[in-house]
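Just so it is clear, A, B, C and D label the chains in written order, and each chain counts residues from 1 on its own.
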Amino acid sequence: MICSSTDTHAQIIEAAALAGKHIFCEKPIALDLPSIDRALDAVERAGVKLQIGFNRRFDANYRRVRQAVERGEIGRPHLLHLISCDPKPPPIEYIRVSGGLFLDMTIHDFDMARFLVGSEVEEVFVLAGVLVDSAIGTVGDVDTAVITVQFTNGVIGTIENSRQAIYGYDQRVELLGSAGAIRTENNYSNTAILSNGHGVQRDLPLHFFVERYSESFLAEMAAFVDSVLHDTPLAVTGHDGRVPVVLALAARKSLAEHRPVRLSEIEQ
Amino acid sequence: MICSSTDTHAQIIEAAALAGKHIFCEKPIALDLPSIDRALDAVERAGVKLQIGFNRRFDANYRRVRQAVERGEIGRPHLLHLISCDPKPPPIEYIRVSGGLFLDMTIHDFDMARFLVGSEVEEVFVLAGVLVDSAIGTVGDVDTAVITVQFTNGVIGTIENSRQAIYGYDQRVELLGSAGAIRTENNYSNTAILSNGHGVQRDLPLHFFVERYSESFLAEMAAFVDSVLHDTPLAVTGHDGRVPVVLALAARKSLAEHRPVRLSEIEQ
Amino acid sequence: MICSSTDTHAQIIEAAALAGKHIFCEKPIALDLPSIDRALDAVERAGVKLQIGFNRRFDANYRRVRQAVERGEIGRPHLLHLISCDPKPPPIEYIRVSGGLFLDMTIHDFDMARFLVGSEVEEVFVLAGVLVDSAIGTVGDVDTAVITVQFTNGVIGTIENSRQAIYGYDQRVELLGSAGAIRTENNYSNTAILSNGHGVQRDLPLHFFVERYSESFLAEMAAFVDSVLHDTPLAVTGHDGRVPVVLALAARKSLAEHRPVRLSEIEQ
Amino acid sequence: MICSSTDTHAQIIEAAALAGKHIFCEKPIALDLPSIDRALDAVERAGVKLQIGFNRRFDANYRRVRQAVERGEIGRPHLLHLISCDPKPPPIEYIRVSGGLFLDMTIHDFDMARFLVGSEVEEVFVLAGVLVDSAIGTVGDVDTAVITVQFTNGVIGTIENSRQAIYGYDQRVELLGSAGAIRTENNYSNTAILSNGHGVQRDLPLHFFVERYSESFLAEMAAFVDSVLHDTPLAVTGHDGRVPVVLALAARKSLAEHRPVRLSEIEQ
């Protein structure tokens, strides 16, 4: 189980693979492709299993959306909209070494986009800004972004990120298809609705990822253990860990050059 | 931990108390008051702790309603409406020995009514029928009921029970007060909403008590262990286990005699 | 169109019938049965049409519930729960001459109960109190009530009334049946949901009957005009205007004598 | 009141202005800027009033979002997401002369974006495709699009358009700000929720603009009449009618050239 800081992931993966251990590693594998590729090569040569910690794939809401796509409940997907906002920015020291918004935060959404639509991404375009905290800009990062995503199967998507949704973690998705649409809501600690002289209200949604995704963290681990014990296919492979990094690098380039960037430009 | 069939609870409580053990016992303590009172006496003489398994008090939704009352968020309570329906009736053999709808099913709602309003009940009136399955009537029970409840503090309440809500477990409450109202919704396995050419829909609510109350079962046990370890007051006492039985007996009498019945009539 | 004070309705109906006019009259026809029966006799002798102003039958929400019953979408109805609360009590002078809660306010709910379930009521039981404003008690009325209703077809119902839901008009219904359940929500002036650091909230529901039922007032009038123009059956007949008065008188008797009262006791 | 086909709007505006008439004109004023500018010049010279038919500004949901911005209820706006989908595509003959998706359909959303955020747009980027009906592609149009919008005040927005949301008109907005977020839902003909053995469902949303925006059509007309009668400022000016056309032309250019396009490029 590799839950250390990102800059040590690839190296530990290699060491663990050499030692013949099956590996669960937190996302992202690394912030650069050469490190990732070395790690994935080591895994392949050793013939061990490597599952990447994209826990949201195990969340009941996202699973239900994926299921709707697989069952054809919404027909052929057309438009994806992912909303993913944190309750507040992490400390500036963290942001400085995080690899930036796309590698640190959007990377989960890039994985989710691929997972839900069931297709690879061809091109991204980014519009972003420093709207939440100017200090984030001073370390060269952005805190608010819309990432437009063109999938190879024709689906068009947008990912909406903010480092600060003051009401708490905002984790939702909408997917419109030829035969219908499916959308999810935030999760709450209770269902109570209070009406008084001022309005109709409920408590805030679950505050952050620890509360919101507690069940999916357990489920991803159970799935990993199950794959190892019964030698069954992994739910999130090393390849699934690599692609979102390519997407994040493309997003970074799109932001820098203010133009749509194809993933093939990153792979070269 | 006494999780055996109801007719053995009181006797095991007495034995455990004699052995100086702290006791967690499933509801109801017994189906008759003399057995309950003997058991509670044994507990008191032994100076051990006894917590009754009214797990719903530990559910996040009901806790939030209780909190609203305690904090004065809805002012002084006026009207309580409890909805409590099972997805389908238990086997007839179970119903035959269950003590009837009020002692088997409504007993949870009687506890919840006292817990939420924070007052004792003075009188009940029952309207009930056999609407779900005529076999239930042949063993002398009802499957559908409205129990009207008069609290000593003036609050008026209704409890709505059915052995069959075909869409799954229905567990909700509404409480109207002088300064507002609070209500809860059913719990679901996911938040996804699917819109197609026929309608806007979501999956069924959590099916039955095992799914719906899984967290509250853990929480009640944690609370019991905590009370024992730190010798703190119990969240659900032996008295809390006794009163709902009185209420159920009053409900049974109200149904039989088709008139409002005061709890004092049962205590005599 | 008779929209004068209640004590003049019956007399104007008789005069209008004598004049050969088709009549639309606000509810209730009168507060006593002899006056109602004289008015209905006059209408029958004159062969004119008489529609009573139970506008809620034309409301989209209640119509949809009725439709669900008619189409069998919920199977055979078992349990009805009607919630009907005003935002604040009328002036004491009004209450004094209103005929009391049951004839003034619950009368709409009695009509709705018959309309939705499609069956007559056999018996009522009332639990009520003065919880909102003690001044209402001094003029001999109650401001908070639960009316338990036994229908001839076996359905059990409850009507929940309060003179004060501080958040605004509360007009909802739930109907549980053998194959499903249907429930309605309050209506709002907009669908906006605001999330901030304190909670997730929306504006108050439509404040009172003028806003809430504006469309149904238009629709009932259009239906009346249509019935007159095309000589088609009325949507709400004189008989539909009479029965809720019988129910209200039974409710009053139940409250006074603290026992279930059969409608046949009132008809004698 | 100019409700003729789009290609006649500008010419009739000029004629009406010359005749000294106050003018209400449906959107868009014209599909090209020179025609619009000639019409607006004529209006200005004649000193008459010209209101453009952006009726959605008068819709209760959008008004509430605008109000939240004005009152500071969500702080400083950061991210706008507009969803605007039709239930089904218009006939191909209509699409052929419509000016294309951006001038025909998105134009409402461009107006709404400016109205809600209270800022002008600087640049747009379009990702679009023919996913609904290939016939739409054969006449040179698209049926599915995401338009990314950069506002001058820093706000980032996306507009999501589809010619076909099979469940009916989908008209929603979300606006995230520094102190909160506000979002609206679709409007429905009733609030009834039906639960049966298959799921929990409600009827489809209001089907199309006639049902969905009926009240706003009345309100925009009332506002126009009011402005004329009392010589007060118009709610939607000729300038408000011109800018969305500029936006639509920029969107068209962005789609053709697959790059972000600044509005200043269109104005040259």
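We take it that a contact is a pair of C-beta atoms (placed from the backbone, for glycine too) under 8 Å apart; a residue touches a chain by one contact, two chains touch by 3 or more.
Since the model is a prediction, treat every value here as computed from it, not as a measurement.
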Shared chain contacts [chain A and chain B, defined touch]: C, D
Chain C and chain A - chains in contact with each: B, D
Interface with more contacting C-beta pairs, comparing C-D to B-D: C-D
Rounded Å distance, chain A centre to chain D centre (Cα mean): 33
Chain C-chain D separation of Cα centroids, rounded to whole Å: 42
Between chain B and chain D, centroid-to-centroid distance (C-alpha), Å: 54
In chain C, residues with contacts to at least two other chains: 165-167, 179-181, 195-197, 203
Contact footprint of chain C on chain A as seen in their complex: 165-167, 195-205
Sites on chain C touched by chain B in the complex: 75-76, 78-79, 81, 83, 85, 125, 127-129, 131-132, 144-146, 148, 150, 154-158, 160, 162, 164-167, 170, 174, 176, 178-181, 258-260
Chain D residues touching chain C - in the complex, by the definition given at the top: 60-61, 63-65, 68, 73-74, 179-187, 189-197, 203
